[in-house]
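Two complexes come next, and they have one chain in common, chain A, joined by chain B in the first and chain C in the second.
Right after this comes the complex of A and B.
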């Protein structure tokens, strides 16, 4: 009798878990732009390569947009091979005469998110000036409110 | 005052005048009476009409069935929100014509019920609205519909509320006018009269759930009448559910007063050719000319070997690069973004040379550009490098029972083909505003001896001996035929070539393998020539004329020890004789007469032609050469290729593409699987003759088969095609792979005419060379090779996984991957609007009535 009760409870728990899993799976996706902001200081940024790490939650990239300064207006490239391995690596360079200094948004990543708000971390892989010299910069990620009719 | 609602079931366009005639202007009774069994919307309708499928009736719309009900009494329970006509006017007495039909005569509330979403086709109806007699005539001339108002047979026959009252139309499809509203004096200031055009007012209305009231209120004038147009359609299957837009509304007339252009305005093609490698950027410029938000859908061609590796969506001055995802995942993301109101675009591959572009949530008046970049290696055909860019997908035939083909339907008839992919075509009398621009920057690397296009007018600027800038002439910008540019370099410079690329991922090579001169020294064998002519409807006219001319020319060149057979196929196959005939003069003349008697009509049962050509015993001592002449306008390519693979045996299949936009994927693949070569016959007779002569010369010599390569000091892996194709005179082939090591030459060997042939190819391996397109082309060749295997290999899932993995790793579009781009920064207002499929012209020289259907007047 007791054994039957345990089994019944286990079955119920399994059922509940399955339902929860289905609920999670069916949770509506949402879209979220996140800005990649680089602080170059006094240097002039000519090239960068960064990696966006999803530290928690469920998020995937659905578009890569260029940044604010004219030199980085064009959409950065992403590394498809890295993406196939679950990593998001983007890179861009510019041969523009007017290279940005200070704090600039160099890209916006368009993300698809499901469930709780994911955690994001950004890693700088490389940054260089027009001579190819490494730059000491800081980089951060900033989710941006969605505009329009939402 | 009362207002009239006109019921119609189907794809509906509400256009032209909107009803609100005064009581003093009794509606003329010219309309035919409803035929037995037919029903007309009735003023007393109280129930929602079921969709026709539910009622077991004829389906009139593939996706959405809508009704705009006849006016009804306010006393009746309304199931949906009533729509008030302008000024709050309510007719207090019924119009005489409705009285005569026994309709309800009393109503206190101005009601226009809308029960479901209405699907509108993209027809514009223009007519003189002030004079009812003339307007119908005028409008009928200007619409695609068979009639302006058409109620399906049996519609509502069990519903008495639809059997009497307002005569929206009749079963025969004859035009009926909307009922007149009861005369009344407006209680508020009348709105200004409709805008007129030379004394005629033109108005187009569209409805949706949100806008109905507003639109009707602002558009309907007391002097106008409401017209409803429905199109009777054959029952149709739904497209495969793989597409995210399945279930959407096809198209809707814009809420504007004039015929408007379609969303795709312009395609700009910019190619850079370095040596024999082309990098091509294609910009598609979409603009929403409507007053409502839309999704634009465009099915378009690209070269079958195009390695599409970049995809950028531009909104204003913002550019968003798309991501390659597994196809189903990308489609899901696109559907979510579309549904939530984000601007998004999706590009999918339906065939190696047929693609679909979808752009969601284009707001009224806004523009969105989509840029894609592809690379391909230009084939070297009989001494000419060929750059071709297809501009239209030809109307294809799909054998009965197939649902995964590429359907051809008239503009606005979405889903009518029942195929998973579908192309809408403009009728001969229609033109879209879509035009093209093409520019080519050609740096051949060697002196250019000759350059020409027999398909288009071009303007050429000579920048140097090796460099040209080519532009499509302004007078030739209609996208209805392939653009083909040929160039020849100094003849002594053409030979095998070996190019390399190195990056972090490793080293890649591309080998252009040219047939050795020794082939021409080997004695030929007698030939058994089998000519197979596609005589289906799409070949009618110029394509069949081209094909016949080619066969005639080859027949005249045959030698007495050859034999020949002529097979023609459309819905079925027939042939000149039971057995091939010896090529005597008498038999050749007999063949010519048979050839002259052939005409084009019917379907394209290509399998019949292949069975007939390959399914009889070989004549001993002769090489069977099958010359397949077709435009390739079929949707079951895989079936054809599988059949060629299984039946080819020792024969060789040479495909000839005829017409202005042949299905190059099919023709190339048939030749590849048939161990032959492909040739395309262009509109120029001189080029056609040259192509046929080159073909005849090609088959005069044996091909080099069973080719093996000794790579010397190179260690090669992932070499594609996995089986190197046979080498024919005048037809080099490309081989690509990855490598390590060094070498100064490689050795190629094979068999021709029973003799072993061996030759060396010098190579220069530059360890620092950076030619990124080579890597993409290699990946695309790998995908193509796997896809070809999938036509006959049972391990479809395994091959699909390999293709998917390779495409994602290299960021390439494939059958199993897609590009998705979402602008998540802003949600557009309203729902996701309606889908507008971009119709295209039928290819130049192809008859619309033989391929798409009779044009509706």
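Right after this comes the complex of A and C.
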């Protein structure tokens, strides 16, 4: 009985502290989608592997979404440990007949940001055509205007 | 193998279920042997029964006192904002809704390909299909392409040991490629 009472009070205390923390932070935190865009040029992208790291500021990864072309519509592979952290490796492949070329949004990461705009560093780890041959591509991150078109 | 085994691999080794490649690596790697010993100690400690916890009355009072102080601070912050009374229920509903939204978002947006149990790093030699010395998404692509073409498949590509080469083996390579816990040689 006594233990139950203590647990109930502890739960209330934890809830109150969580409310307090949310109340203090609610005006500062925001959710920001950032697009991962690669430029394949004339090549046809069949696979990519990209690492993103938060280099400055306060930001954490809260979601991973697929890209624009049908070949990369599904969410890429990633390590679930990356969620709520500041580093992630995403990767996807496609064996579709229609592969994208030119500038391609291959994925979107959903970030929770607090305070000033954080810095992101993105690094291409691999990119290949349908034969597995390396492609020369560039990769960049583009914060999406919140409320903008997808 | 090119990489140190993951903690899951080491736990499988401790349970006698790891592959020969992992066992061979650990046998020759002092770092992994140390990690294996630590996992064993941890497992032993966790197996011991946890004693019942009784909170002393003085500690309970101290916790309640801290909570009351914190609640007073929160109440003052809320008062300063001078929000309408009819909005106050939102202070309870909004955090709960936000938490629920985040949970739904994370569970629906994440890749269905990762809904399977986390895989350990496949044996590097078999998973490195293009023999470039690293396991990455290109290896997964090559295996997927061969599966699609129904090309002659190598038995060593059965990375999860279920007797067939299929999508699960491709997923295993891809998951190893994006793993944050993988340590580079």
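Convention: the second predicted complex is superposed on the first by the 112 of 150 C-alpha atoms of A that agree within 3 Å, B and C clash if a C-alpha of one lies under 4 Å from a C-alpha of the other, contacts with A are read in each partner's own complex, and residues count from 1 in each chain.
Following the convention adopted for this analysis, a contact is a pair of C-beta atoms (placed from the backbone, for glycine too) under 8 Å apart; a residue touches a chain by one contact, two chains touch by 3 or more.
Computed from a predicted model, the values in this text were never measured in an experiment.
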Which superposed partner A:63 touches (first chain B, second chain C, both, neither): both
Touching partner for A:17 - first (chain B), second (chain C), both, neither: second
First (chain B), second (chain C), both or neither touched by A:132: second
First, second, both or neither for A:110, with chain B first and chain C second: both
Which of chain B and chain C A:78 touches, first, second, both or neither: both
Partner chain(s) touched by A:144 [first = chain B, second = chain C, both, neither]: first
Touching partner for A:87 - first (chain B), second (chain C), both, neither: second
Touched chain A residues, chain B compared with chain C: C
Touched partner set for A:49, first chain B, second chain C, both or neither: second
Set intersection of chain A contacts, chain C complex versus chain B complex: 62-65, 74-78, 80-81, 83, 110
Of all residues in chain C, those that touch chain A in their complex: 54-55, 60, 63-64, 67, 70-71, 73-74, 77-78, 91-92, 94-95, 98, 102, 105-106, 109-114, 118, 129-130, 136-138, 140-142, 144-145, 148, 171, 174-175, 177-181
Touch list for chain A against partner chain C, complex: 3, 6, 9-10, 12-13, 16-20, 22-24, 26, 46-49, 62-65, 74-83, 85, 87-93, 95, 110, 125-126, 128, 130, 132
Complex contact set, residues of chain A against chain B: 28-33, 61-66, 73-78, 80-81, 83-84, 108, 110-112, 144, 146-150
Chain B to chain A touching residues, read off their complex: 312-313, 317-324, 333, 336-337, 340-342, 505, 805, 808-811, 820-830
